[in-house]
Every structure is written in C-alpha cells, then in structure tokens.
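Can you read through this structure? Questions will come right after.
Per-chain residue numbering starts at 1, and chain names A, B, C, D and E are given in the order in which the chains are listed.
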C-alpha cells in the first residue's frame, strides 16, 4: 500500500477533533478529502505531515511509519504539502521560493556553500534550471524576480504548488489549492492536477470547490465532525444521502432547495 | 431607509489589495447575506466596517454618520457591532462577564438595565441559561457561538454583523442560531451575515451580495441570486451545466 | 558588458584605495578606528547571518567575542602557545561552545530566546570574572604577545589594518556566497516561515544551529584579533552592553544584507568618535553620557521608523498594521485549535 | 568565473602589499609633537562616564582648574598649555582609541590617565609603542610593573600594597591575629584582596575567611553572617560606595561585634552620607587630603594639601577627593618635567623618572628606574569615623 | 554553622526576594496587558528612587516625596508608551525588546546626566534598630518592602478579579481583537499598563532605597533579576512572579552563603536557563490560579 492511514485520532481540548480516520491512497491516483468547514480535513493533513502528533493511530507511507517523524523527515521520504493559509517565503523572490522547494535535490552544505567549493555553482545552476521549468509550467514566468508577497493571491497559490513540485515529491498533499482562484485559474489548475497524475505523482487534496474535486478525483473521502462519513468514487459520493445532509443541513423549509440546486 | 451605506471601500493588507472598492448598502431591519469564496474579502470587509482595518479609500455612512477612519470604540458606540469569526469569546472569563463586557461602552450608565438586557439575551439563547457562572472556554462550540452573538447583543446593536457563525457547528445548532437571527430582525435589529454556507444564509437573508476578489460582483434577493448565472460563475466557480455537482458546494 | 566592467573598475579602485589608505591617512588614530570597525564588523557579520538570515536573535554575542579573546590571552600567556595555534583556538572554541549550547537554546522562540542568550552571555562574563588565575579575574590578563605569522610581526596599526581588511573581505565573500546558495536561501526561508521551510525538507533546527555556530565562529575570530591588537584584556569589554551594541549595529545597518553590518558598525563607531569631539563644543561639561543617550535615541528611532535598518535591503518590506493583525488573527486561530 | 578571478587576484594583491608593507617601517614622527609652536599640548583620558565616572569627574575638574591656573600665571616658560581631556566611558577599547587620537590628532607631549586600572592597562601598549609618557591615576601595580616593560608609564595613586600594608599593620598594632576579608568583586576589589592577603601573610596575620560581593549587590548580610560565625577578630573590607555603605549598614544590623577596617575606597562624603550612623567607629587608611586640616603643621604635605583644598572648594563648592589629588600630582609632576626638559617626549620621560622629593597630594614621590610610583607608607594616614566625620588617628 | 546563620540567610533572601518580586510583578503586568517584555522596568525603579531622593533632600516630607516620585514616573511611563511603544504596537517581539532596551539606555543616560554617579539615600520609614529574631537580624525596612508587595498583589488581584475595569483588562489580554470589538480600547489599556508599571516601579524604588541606596545604574541589575523572577514564575503569572522573586532571592543568598558569593548571579542565571529550556511556562505554571 502506498499510503495507509489507520485509526488516526486527535483531540484538541473539546472543540475540534479527528476520530479514527482510516483510508488508503494508491500510487498514482488523485484522492480528495472533502467535508464542511471544520470537519477536520486540515487536521488530517497536519497529522500526516508531522505538524502535530496524533493521539492515537498511525500512518504508513510505502511501509514506513510516519508517526513521530518531523515535518522535514516526512518531506525527506517523499511527501510534500501546501498550506491552506499560504505559507510562502514572502521576502524571497518567486524563483528563490521555488528553489527552496528543490532544497532536497541539493547536496551542498553550509561550509561548501560558504566557500563556494567546486560543484556548488553547477548544482545551483541545475536547481535554477529545474525551478525555472516548473515556474514556466505554472505560468509564473513573468514574476520570477518579484518577492512572493507582491503577487496576487491566485499566483501565490500557484507559487506554492510550484514550490513543492520543484522538489519532485512522490506524494503531494494539497490543502485547498483552488481557493481564491478565479474560474479560469481553477480550470487550469484542474487540468494541471490531471497532468501531474499522468506524470506519476500521487495527489491528496482537500478542496471546497466541488467541480474541481468531482472533475479530477479518482476517489473521495468525506469527513464530518472529525469522522469519515463516506468514501468512494465521485459518482458514489454524489449519490450519498449522508453527504448531502452533512452539507445542506436538514432539508427543512428552505424554499429553493427543491429546485435546480439538488 | 439605509442604515449602512458603503461606497468604494478599499483596503490593503500590506501590498495585497484585499478590497477593491466595495459598494453596497443595508436597509434598516433587513438581513443582508454577504457571500463569497474563501479569501474573497468578506472578513476584511467586516473588519474594515468595524474599525479593525483601516480603509485606504472609500466612504462608510452608518445611521447617517460617517464612520470610516473612526476608532472601533466610536463605531461600537454608534451601534455597529461585529460578532467575529471563530467566536473569539473571552475563554477564561465567565459567561456573565463575557456578556457584561459586551456592554462595555454603556457600562457607566444604569447597571440594572444591563442585567435586564442580559436576561433578554438569555431568553434569546435559552441554552445559555443557568450557565452564567461557567467559564466560557469550556462551553461547547455551539454555546460559544451563542455567547458570542449574545455578547454582541449586549452592546445594543442597531446593526449586527456576524462573521461565519455556522462554522464548525452541527446543522441543528446552525438552525437554532438562524432562528435567533430571524427573531432579532423581527425585533428591529438589522443584520449583516457573512457565510460560506450559502444554504444556511439564503434561508434567512432578505438580500444577498456576492463578493469576489475584493469586489461586489452581484447583489439581489436570494431567489434571484440562486437563478443568476453570474452568481454561479462568480461565487461557485462553475457553470450551470454542472448543476449536479453544484449542489455539493452547498 | 560596460556595466559589469564599471563594477570591476569600482572594485579595483576600492581595493587600491584600501591598500594605500594607511599611507594617505598617516594617522594611527584613524587606522585604529578602522581596525575597531573591522573587528566589530566580523562579529556583526556573523550576528547578521544569525538574525537577518536565520531570524534568530542573540543577546549574548559578546560572550563568543570574549571567549575568542580569552582563548588567545590564556593560551599565549598561561600556556605559552604559539600565536597562530592560539589564534586558531580562538576561532574554534567559541564555535564549539555554540554548537553545544545552541541545540537546546535555539528551540526557544522570540523573547525566550532573547532572554536565554542574554543569560548565557552574562554567565560567560561571570566566568571571565570568576576564573581566578586562569582568566586573571576582574583584573584581566596583560602581556599578550603580538601575533606572528611567519616572519611578520603584527605590532603596528597598519599591519592590523591589512590583516583585518583581508579577513573582512573574506567574510564578505563568504557571506555573499552563502546568500546566493541553497543554504542562504533556506535560512531566509526559515526566517519567513519555519513551518513551510520544514515542509520543504529543511531541517530548520540543524540549519539554525549551523548559523549560530557560524556567528560564534566569526565572533571568536574578531575576539582573537582584538586580544592581539589591544594586548590586554579584562572581562569589561565582553559584558552585556557589548552584546547589545552588536545587536544595535546589526539592526541599524540592516538585517539580511551583506553590507548592512559594515554600515551599522561604521555608523556607530564613527558616531561615537564624532560625538566625542562634537558634544563638548556645545556642552563643555559633557561626558559620554550624551553619547549613550544618542545611542539609545538612534536605536529607538530606527526601530520605530525604519525597523528594517538603514541599508536598503530589497527583501525586507514593511508589514502594515492590518496585515500583521491578520497574521495575529491567524496565529490565534491556530492556537485555539491546538 | 571572471568575477571570481578578479576578486581572487585582488585578495592576492592585498596580501602581497601586506607582506611588502611589513618590510618597510613608518617614519618616526615623535618629534613633530614638540615643534608645534607656542602652546604645549597635554592630553588626558579619563573615565568621565560609565562605571568609574566617580573617579574621572573630580579628576577632570581638577585638571581643568589646574590648567586654567597655570595658563593664567603664564604657562610653562611662557608657553600656554593646551589640555585635551577625552572620556573613555570606562571602556577599554574607547580608551585605546582616545589615546591614539591624543597622540595623532592632538600631538600631545604626554598623557594623563586613565582613572581606572582596566582602562589604564589597555592604554599601556599604545604608549609603549608610540613612545609617549603616560601618567596613570589608577592603583593596580601591574600598570607600572615590570618597569622594564613599562618604560613610558608612571602611576600616581598609592598601590594597593601600600594601603593593604597600612590596614594590616594597624590591625596588628591592635593585637588582631585573625581577620576576615570582604571585597568588591571587580578589578578594584580583586587587586586589594590580593594585596591584603599578601600583607597579612607578611605580618603573620591569618585570613580566616575570604569572601566577596558584587558592586551592584543590595544586601551583604549573608557574607557578614558567615563572618559572625567564624572566629575572625576583625573584618577588612575593600570596596567603594554604594556597596561599601551597604556592607557597613548590614554590619551594624546583624550586630557583628568585631572591628571593621575599610580601605581608602570609602574616603568620600558619599560614604558617610549613605552609611549614616553605621559608619561611626569605622577605621581606614587614607591619603592625607581627606584630613588635611587635622595634620600637624610640620607635615611636609600640609601646605600643598591646604592650598589644593581651598582652590578646589572655592571653584567647585565641594571638597576635593583623593582622585582629584592624583590628577593634581600627575599634572604638576608633568609640568615640572616639562619645565626642566622641554617638550621632547623622551626627555620628559627621563625627567619624570628622575623626580625626587616631589611633594604632592598623595604623598612625597621619589621615582627611580625601578619604581614608577615612588610612594611609601608615610603617605597614608589612618582615620576613624566619629560623628560622621573623619578623625585622624594620631 | 548555626541555625541562626541559615535563618539570617532566609531573612536576607526574603528581603531581596520581595524586591525582585515587586519588579517581576510590574514586568508581568505589562507583559500580560501588552505582550511586551519591558527591558526598561529596572530603569523605572531607579528613576523613582532617585526622584524621591531629590525631593526629599529638597525638603519635602518622605510621604510627599514618595507620592511625587510615583506620579512623575507614572507620567514617564505614559510618555514612553505614547512616544515609543504605541507607534510600533504591531512590530515583532524582538523589535519591541530592542526598543525597550534602547529606552533603558536613554533613561540611564539621562539619569546619569541629572543625578551623576553618586549614590543617594533615603531614611528608613520607621526608625529604630533591626529586630532580632532567634539571633538573626531583620531590617524594619524589609518589612515595609514586604508590605508593599502584599498591598500591590492584593490590589492587583482585587482589581483584576473583582472590578469591571479589571475584567475589561483581562478581556483585552485574552483576546485583543475581540476586546476592541467590544469598544474596549487596547491602546488605553496599554497606556494604563505602562502607567501602572511606572508607578509600581517608582514605588518599589522608593521603598527599597533605604536598604539598597539609589544609583543611576541600579536599574539594570534589578531589572535583570526581575526578569529571571518573572520567567521562573511563568511570564504571565502574577502569583508566579511573586513566588519566583522570593525563590530567587532565597536562592541567591543561600548560594552566596553556602557556595560562592561570586557565583550567586550565575546560580540565578543557570536557574533561568534551566527553566527556559525545560519549563518555559514557569515552574509555577497553572497551579497558582489564573493569569491576570
């Protein structure tokens, strides 16, 4: 199994919690985590990427246990993530941001860099080239020298994705990659995600934008109040009553609910 | 009559422009829903109206008085009250203290009135009754949200603004809160409701505006909006031919 | 390219200027000011990497400066080491100390880190005072020999001037290399967002430690040269005030820039000398207290009006109120969730 | 790549120049100092601000007064004296910069300073290299010893050894055999403590307890309580106010019923003001300036002391301190030397070294090739605090 | 070694400790309300002490000098907040620390200019010699200091826990933004915090001067000890500040008495580092009730 999550549990002193989450992700698929606000999707991401330790349960990536690893160690074994609240390096240029993403493809350490020993320049050039490729691919080519902080929101999102891609991870966690993007950008993103899948990446997304999710995901896991309420293909999920209820609340006197919307 | 007129409001977060000239109004006694995707600028709008963020440009007239560039203290005194996102109650204080602090700007006046008002708030949210001396932080999420709204009510708002009150709450609780909002409107309080949960908002709103990328892209009655193609494009980011999946967003 | 060649012309001119300066000045006083500026620049350049790149503060840098100086003084006067081995020890020892104390200390954040480094700085100062025979106690150590490299004895100001010049140049090159490397980028990334840096595979704890060790290394280098230059040391110059001065210099010059430290040090030292001359002209009875007040004022005013420092760094940008509050709000929600 | 080659070649060029320059030596410009027309340039580096400023300020005031007096009287051999006083802020590095500035920019023939031992020691190397006479006002004997390495350096203040000897000998005369020593934990106290231990050993007195306190400490009861529990017959304290005052008060509070003998560090009004009644009965050795009026008329220093006291009091409305006295000694010893041998730095040095029977404020100086301080026991007087006044113990 | 020696140590330690506790209290108050570590707190103490000395020697009575000094330093606190802190409210914590360090440098320089290096003194509040308890001496002024500590703590406690304004302050501490939305002006509270800490610092300064004397540079050492005490107790914990202060005082005196006088400051700093590394929330933590 590529990624195996079993019985993941986390309590935050009452309000927010994740209870016994269990799911598997296969290599090469796009797996989506959906659910209403506060359902615990980001918490699952944080647990799986070492940002917070789980109370119970575990996760294995290609047989390696993820529990107890630090975020950078998890990145080291091939799992990368983006953040819902953008975590760009604001004072770094777009190019530098992406080059930091390629950190792991470099080998030169502090002293080698300080003295610029042989090989440092070559390695820099290599990383630079690769980063530029990724930047071009995501359409950020015009902004390479701008500090990340001055980019419009949509481009910042793309930059975050570019940054993780530059490090060629095997498994990618994307936390609401489409939020804040306009229609055109969202469409492009969806196509890009599909392309990534074709290129052999495995993707796990948290996303609110159902169109994108339904469009790109192979399988979907639905969370509500920290528990799994459904799992299946997009078609299965769309038919699931439990899911509808979670999103819409009780079907009460809402006058428009009967019309085109459901 | 308009209780709130917002004209060309622009707000920057550092270099990023969060509001690009927002113009809308709210009439006395109505519930206006403000809709939009994550990051569209809804919370910034409420923050700017209540004096938390400074607007670079634009005009805000509340109840006949210009309030842009005024301190939040002044704005609160005028009766424009924000119930912020994530409730933001005072965790380590008691329920009663939280409520009384809501009336901070009129505390110097007759205290017995405050306690009467507190009784009224507790009637609006019966779930809080009997918990006055409990520490607010240990309440459930739903009760905390009620407390946050109740705290806002203690300020005697003419216009109450709520930022995502339904976040992280069970549908039952959301329904309870929405019922309370309807009752408040009947009592004459105007309300601005920011929601991502469009379904919940449409249920109570008289009117709705949709914000996208820092601008009001559309406004109208919920019934009109639902059928408006532009809304679906702007807020929901999709076209009607995918109506089947659209439902999932709600 | 003409612009490039102009740049090299400038560099060449600056180098020639640097080389002939002692002959032009013919003043040991002015040279000694330049030497002191050079020594402090070494220390502040290291502190600049720590603060400006790694985003970590140290209010105890004078301790490493002092360890370097004391290493030279003790090894040459008490153990009759040669001057070069003692000099090497002055560089290595502070780095070792930093490596040992850095790991637990750098786990602390913000003002906790500030207080911890401050405490360590004062502790080391106490050790200098209490070292008895070894450190000479409060009276210090006299009789430090001149630095000898081959047949060259550093007994004159102009020799120290060249020595320092070479070291400063090398350190500049090093920091510039670092800035343009994977490591420098990663350090700045840690400063901007440690979470994201970790998520991109950067072992932030290890890298911060390396920056800390590097800063101690440079402080030791400065301290070693200082001891050879003054030839007498006592605990006094390595106290908390000196640590503060280093931070002031780093901050005023501009954090996260290569030239900032030199600018900051030059400004502060030059200011000291100018005020020493200027103030008595207006206020005859004035002593250094005016100068101290000036330092304080400059520091406070800089932090209020130009917290990014005086050198124009393109990367540091002011964060407006609202953005900061937005961030605080986010932090708040994070902390609530935790 | 091109860039790196250029940078590298510049570094190599620099290094080469450095080596080349190492071979040549700078021309000597020591005599330029003496040619500067009519005025004679003197310099002083004092601890006017910072931790030792209580020393530096009276020294500065004294030097200013003396220079004005001298110039009003026509200067030295008709040449006016220009005295440049610089503040080292009690910092060693600043002291070095200041001394270099005096030599280079002000072309001084000799330098007075610094006020404290650390700042004085830091300046020694520079004046030795440049060949400029330096007269330190600080106590530490390392400033002038070994004399072979301190050719250009002289010192006005009584060495710790002298004072320690006075204290120990006084105690011995009172029949004390076991003493405790308490000192301030800085260069001043450290030097005193060492001298006291040495003097005690020389005089057969055993030191049963040696303890210290920080200059900034607010309470020394713990140390005194330990002494109370020991079998010491006296406690010797080496400190300056405010800690010297606090320790005296604590000494009364915990009712430590053995004599307390202080060092000369408490010889200022401040100590009396701060210690109040607690000071009564304290004994300490002091330079004679403090008890000038009580001295017998046949004391060789009496006249000098009285005139300095009168002048200083008239000008600054406060009695002079021993520190100002050091400045007086330095100034006039220097003036005498210049009077005798002109403005050549080396000649001034030689003259200073030959100073004999110079009647100063701190004592009668007799310099020699082996002694650059030139004072002996006779310069100290023991005094007793009675009714918050200093009373000479005859 | 006798029992009365240890008793003397304990008494001296508690005296010293209550001085530290007073300063720690002011530091914690500012920190809680504004989130700022005020490195200039020690300077308030020095300024207060010196101001009172000046007025006392000018012929004012002791209580009058005390009041004048407290009022003046409270105003100084207010000025500092308005001029140097308020304009950069949202700066990083390091920037704010550097600013308060800069302020402490300025204040110390000004104090040197005004009062010079000489120490000053005030008479003890009550005359009479030290009290003897089982062979150990208690300075009556220590009892005054201890009294001030108790009065201050009680006052703060009653204010924070029992009054509406105190609750407004606590609300602001808990959630600045939400407090602002209630119309509570955090700026005013920040001003108030600096006024209180100025007044508190001055009061502490006047009360301790009969014991410690007053010098322009007394602030740094006291401020540092105050910080150590505040950190030991937990930086946002009023009860902790007091226990931390007393503990530090006792530790120092026993350290000086039993180990080495020269290393007693080292002992305090080592304790600080250990606490920072292993229990940054302070050794008292949540045991002693809520934070103010």
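Here, contacts are C-beta pairs under 8 Å (C-beta built on N, C-alpha and C of every residue); 3 or more make two chains touch, one makes a residue touch a chain.
Just so it is clear, the structure is predicted and the values come from calculations on it, not from any experiment.
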By mean C-alpha coordinates, which chain is most distant from chain E?
-> A
Once you count every C-beta pair in contact for both, which comes out on top, C-D or D-E?
-> C-D
Counting in whole Å, what is the centre-to-centre distance of chain B and chain E, each centre being its mean C-alpha position?
-> 43
Separation of chain B from chain C, taking each centre as the mean of its C-alpha atoms, in whole Å | 51
With chain centres defined as C-alpha means, what is the inter-centre distance between chain A and chain B in Å?
-> 31
Check each residue of chain E and list the ones that touch at least two other chains.
-> 112, 175, 177, 220, 262, 265
Touching two or more other chains in chain C are residues 129, 289, 292, 317, 319, 321, 325, 332, 336
Touching at least 2 other chains, the residues of chain A are 15-16, 116, 149
Please give the residue numbers of chain C that touch chain E in the complex, ascending.
-> 57, 104-105, 107-108, 110-112, 114-116, 119-120, 122-123, 126-127, 129-130, 240, 244, 247-248, 251, 289-290, 292-293, 295-297, 299-300, 303-304, 307, 319, 321, 324-325, 328-329, 332
What does chain E use to touch chain C in their complex?
-> 37, 84, 87-95, 97-99, 101-110, 112-113, 175-177, 220, 224, 227-228, 231, 260, 262-263, 265-266, 269-270, 272-273, 276-277, 280
Touching residues on chain C, where the partner in the complex is chain D | 8, 11-12, 15, 18-19, 22, 27-30, 32-33, 36, 129, 137-140, 142-143, 152, 155-159, 162-163, 165-166, 169-170, 173, 226, 230-234, 236-237, 272-273, 276, 287-289, 291-292
In the complex, chain A residues that touch chain C = 12, 15-16, 43, 49-52, 70-72, 75-76, 80-81, 83, 85, 87-92, 96-97, 99-101, 103-104, 106, 108-110, 113-116, 120, 123-124, 127, 147, 149, 163-164, 167
Okay, in this complex, where on chain D does chain E touch?
-> 49, 51, 53-54, 57, 185, 211-214, 216, 218-219, 221-223, 225-226, 228-229, 241-242, 245-246, 253-255, 270, 273-274, 276
